[in-house]
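Each of the next two complexes has subunit A plus one other chain: subunit B in the first, subunit C in the second.
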Partner chain A sequence: MIRSALVILRKDLLLRLRDRSVWLFAFVVPLALAFGFSLVLPDPEDFELRAGVVDLDGGEVALGFTDELLPSLVEDGFITVRSYRDEETARVAIEADEVAVAWVLPAGLTDGIVAGAGGRIQLLANPDHQLSSAVARGIAERFAAQIDRAALAIGTGQTHTQGALEPEQVERITATALDATGLVGIDELVAEHQQLSEPSYLAAGMAIFFLFFTVSFGVNGFLAERQEGTLPRLLVAPLRPVAVHIAKAMGAFVMGVVSMAVLAIASDLLLDAAWGPAGGVAVLIVSAVVAALGVMVLVASFARTAEQSGNLLAITAMILGLSGGVFFPVGTGVLGTLALASPHGWFLRGLGDLAGSGSFTATLPAAGVLVAFGVIAAIPGAIRIERWAHA
Partner chain B sequence: MGARMNRVVAITRVELVRFLRERGNVFFVFVLPLGLVLFIGLQFGVGGGGPQLGVVSSGDSGAVALIERLDAGGAEVVEVEDVAELESIVSRGNLSAGIVIPPGYSTALEQAEPIDVSFVGRPDTRATSLRTVVEAAIAEQAAAPQAARTVASVTGDEPAALLDVAEEVQTSLPRLQVETVAVGRDELAVEFAGLGRFDLGATSQLFLFVFLTSLAGSGALIQSRQYGVASRMLSTPTHLPLVVTGLVGGRLAIAGFQALYIIVVTAVAFGVDWGDPVATGVVVALFCMVAAAAAMVLGSLFRNDSQASSAGVGLGLVLAILGGSMVPLEVFPGGMQRVAMLTPHGWANTAMAEVVRRDGGIADITTELGVLAGMAVGLLALATWSLRRAITR
Partner chain C sequence: METPLLSCTGLERSFGDLKAVAGVSFEIGEGETYGLLGPNGAGKTTSISIVAGLLAADAGEVTVAGERMHPRATATKRHVGLVPQELAIYPDLTARENLDFFARLYGLDKARRATRVDEILEVIGLTDRATDRASEYSGGMKRRLNIGIGMLHQPRLLILDEPTVGVDPQSRNAILESVENLTTDGISVLYTTHYMEEAERLCDRIGIIDEGLLAAEGTRRELVATIGEQDLVRLHVEGDASAAAEACAKVDGVSSADAEDDTIICLMEHAGGRLPALLQAVNDVDASVSGVEVREPDLEDVFLHLTGKALRD
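Our next item is the complex of A and B:
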């Protein structure tokens, strides 16, 4: 029986190889997607904030911003700064995209703060530059927080001593307040390499999205054979029907694994976005293909013709892809829970877990669920298909 | 002119009827968009509560107060059991960022003693914005203890003793505020923190989906050819361009219906903001035309419907990536921003940026609309030429 199954498998694979769409799906499109991403994804290292500053005050507080804080950030290579004469000039520069943002320090800023009357720094931002705006806002707010700390410390000191603070004490308080990083510090919890990077996430998402189309060929091919009448002839041959089914399934399986592997490798080489250690990735790929096969067999069993099944398969692939977080990551809450109903969601989750732990054992829960999806879906599907193959 | 329009409409009707007779296709037109409605609505609708921040806390009063401030600062706080779970949720991408408030937080604040809060964030814009919110909330809460400690170090008192004074001063002391203004809008300062207010996610997802499904359906034209319907249409005294227009009309009606459906339901049920309805309507309509015409071109180039479908899905995804529908245009390297303008998605996304971020109307997006219309016409011409070759061979 094994030999006959292998013969059919070989014939199937050869047939598939001759079908141009298979090449498209298994190699061309995944590579094109990986290449496309490699072109558009920015390198986070490359981020530089192009900023402008307008100093209408010139006092100590303003100088603290323009002459101490900004130069230190420029030195770090993190931002570039241009000075503008007034707000209008800065706005024009932003609209011309010369700079993405500009801080405006209004006249009277220092006096107001020294007098304990507070103040305002304005951030002019280009809404098309979301990241730059967020970063620039962070810089301004950190500075403002420092100034507020100093003002509060002095105010506290004066109130406590009923206005009897020595000038030297005032100076020391100011200096300490401005130097300190904050009573409550913020430290980093997880180093970056322990998370699945954005390029890897996107590439892996595309891979599993595509997998369902790739695998659907094997399944569709089965239906086409039924329509064309070659299937009944195969079934008449002296082999157990199960051998035919196994061979067909193996064909789709091989195709699925190959296409995912191609994309995984391309992702690593072209995007520098490895999905993780090879062992864990292999486990997830194999279990994902099992899931895809099972689900597609079930879906195809609801169709009468190859055309219908093509449609149903496309719809299923889209819905599962969407809910699984392929097109955009889903948060916690309702969407996050829905992702648990999708093999795509589990695949991406498995990769995330693998990245977090580094050992392939972290993939086992997700892999287990994927295989379960595949098996549980395949059984009723196979039974239904069996019924008409003999109908 | 009237007779010609009648023929075009008749052909469109036939295509639609044939299409909708298949149960699978009905599902495709009506049910599939529901999926996208749900995702767009939940992600981008009002009451989404801002980006989610995971918090692990011991539950002491200081932690609770910090959580309240974070909430007020614009983050949606999601309580997480422990550090391991937080790390795992963030690495899976379900949360952009999270913090761990250690036990003893309240005590540290009361004693004006230093303490650290741990932050974990993915390397993306949301995490950066969330970090700003976290820093602001913490700075606010730690201000009084910090001031007490600073003054105590100079006057020699006990920090805890100065805490009440510091808190009292804090309530009446005016701050140094940071006010953010979006340039390009005429009205007053608009507070936005990159927390999703000007997120173009909804529109870019819509374009991705409409184009993709339109191309995925390009197989329908092939079936129509296979069944000889198309050649029979040509045997009537109807010019090929009219036949093509009729066929495209069918695809356009489907794509347009799906898009409208998604926009209306997400706006009504989830409060998603699509900008000025007229401008958005025109952009979407023209984009659907481009998608329908592209599906025609594909359908006329391939003989085999599964080949057309696979090429369609592949092309649809690649164009979506290059056009800024998966990764936002603003982060593209310079050269790629120009390449994006070769795709319909690039122009549609740029038009929507003007409409949603800058409250633009039709007058502000005439260039984009013109290009999209041009693409639609060009593709229609290409489809006509290609179909003529294919049918009359």
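Our next item is the complex of A and C:
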């Protein structure tokens, strides 16, 4: 049976190689689209945080933020900072897109910390600059965390820590916090919040989007054989009928894996869009192809002709791709939740997790979901097709 | 017949409420060409699909070379080659690639594959075009390739399902010649057609099939003899042909008289002596005869006699 399936697979791959539309869907269009998108979207290396700061406090802690921390980040070249006299002025600057975000250090910030009551740094942000907002929030949070840690460390070293801290203690807290300013790395924050770079996200998005079309060529193969009249000739040959299905599935799988692998390598080389460590990417690619294969087999089982099947598969690929957020990062809101109903969303999430942690194991949850997508869809799909083929 | 190569017994197959084959039985001997003759929808394609192991029968049994045939009988399928009615070739592969693919599928080893592919290309006259894609061939060349694939693995039984449908006269003749040559190689042939001339030319025996049943079978001579020693008379009439046919049927010696448009087709004994009575009968219903044709009956007439309808209905 496997020998027969391999003979059919060999023939199918030869036919696919001669089919220009497969080349277009599997390689050319995804790369071209990813390249096109990358031209209009910012490169992460060009990322610059345009920030404002409003110091209504003027105390030791606020000065530590405005005169010590921020200048050190400006020196690193990732950030520009403008000072505003009050919150309203900062809001106007944000609306005018002079800056993307602004930190407001409220009056009494230092006093609150000195009194042991803590303090709060307010962040004003333009909703159109989500990455800038996330990075600015990260800077503020890490600064606050350092202040808290320093205060706690000093507080626990006191024999009597009731009430307010002494002025020298405040100085030590601020100094300790500022010693740790190296911990606030913009590149790290960008990676944490964005995970995949824009070109990588788009290249991977286009790849998974067109993967479903590529796989559909193979899945559609059984119906195409029937339409072209070659299916009876295959079925009277000395092979088990299931060998034809196995061959078609193997063909779709091979085409899917090859197209994804080529796109991963090509987007890295041509678009500087690395998907992540090779092992994790490979796991996700194979899982995504399994998912695509299963879903497309199920969809194809509802068709009776190759043309009908082609239309259904294209519609499905389009809907899943759009809901999976292949054209733009969907974040964590409603769109983010919707994306998780699609294999596309899980694939991109898996790559994001991989990029965020760098660990192979980070891909396993997404890979597991992708394989489950494929298996759960493939079983009823295969049963339906088998019943129909012998009806 | 000695031990038959193909034996079909009581084949039945339904599709929903439609009984496509309702108890067909026949046998084919080694090197024999057997024709299934019947109009479209008679059950020919369903019958051969069961014989080829493409469809399972609801009832009945098929054996080829003593082995039972069914859709999962991979060993038995090696004895059978099928030439489907529709072209079953890959247009984006060359003739050589098409043949090579099916040779692999039938498990021919490398040396035998190369030999058989070359032999078949020679037989179907495509050696010079072997490396051109099939999409670039003429209709006749595609038909020849279609037949060549069926013969490739040297089956003991070759099934051809109306291979000349939609083929130009020149290619049709070439196909018929190649089928004639098959039996000289000892291959048994099951040939379906609704062209009476093809059945008469190619087949040693013919089964007449209609509405899923085998109405009669035998050699051409045997089938024609079922009509008896009768002549076929065609009367071209002016006037009410139906009324004239009814009048003709009452003439002594006439076994059947059917009207088709302005023609009455009569089967009768000793037409020469009874023709004046036939003409008088037409006259009696106020119709007149504009032409008369008398000849021996053929398979078309046998079919009409057995089923009451023409082959091309």
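The rule is short, and it goes like this: the second predicted complex is superposed on the first by the 229 of 391 C-alpha atoms of A that agree within 3 Å, B and C clash if a C-alpha of one lies under 4 Å from a C-alpha of the other, contacts with A are read in each partner's own complex, and residues count from 1 in each chain.
Rule of thumb we're sticking to: contacts are C-beta pairs under 8 Å (C-beta built on N, C-alpha and C of every residue); 3 or more make two chains touch, one makes a residue touch a chain.
None of these values were measured; they are calculated from a predicted model.
Between subunit B and subunit C, it is B that contacts the larger number of residues in subunit A. By the document's definition of touching, of the two partners only subunit C reaches A:Lys11; subunit B does not. When the shared chain is aligned, no partner comes close enough to touch A:Gly77: not subunit B, not subunit C. In the superposition on chain A, A:Arg91 makes contact with subunit B only, while subunit C stays out of contact range.
Overlap of the subunit B and subunit C interfaces on subunit A comprises residues 19. Listed in rising order, the residues of subunit A touching subunit B in the complex are 19-21, 24-25, 28-29, 32-33, 36-37, 39-42, 44, 46, 91, 94-95, 113, 116-131, 133-135, 137-138, 140-142, 144-145, 147-149, 151-153, 155-157, 159-161, 169, 172-173, 176-177, 180, 182-190, 192, 194-198, 201-202, 206, 210, 213, 217, 220, 303, 306-308, 310-312, 314-315, 318-319, 322-323, 325, 327-336, 348-349, 352-353, 355-356. Per the touch definition, subunit B reaches subunit A in the complex via residues 22-25, 27-28, 31-32, 35-36, 39, 42-43, 52, 54, 78, 83, 86-95, 98-100, 108-109, 112-120, 122-125, 128-129, 131-132, 134-136, 138-139, 141-151, 153-155, 157, 162, 165-166, 168-170, 173-185, 189, 192-194, 198-199, 201, 205, 208, 212-213, 216, 219, 223, 304-307, 309-311, 313-314, 317-318, 321-322, 324, 326-328, 330-333, 336, 339-340, 353, 357-358. Within the complex, the subunit C residues that touch subunit A are 49, 52-54, 56, 71-72, 74-75, 77-78, 80, 82, 84, 86-93, 97, 101-102, 104-107, 149. Remark: subunit A residues 3-4, 7-8, 10-11, 14-15, 18-19, 228-230, 232-241, 390 touch subunit C in the complex.
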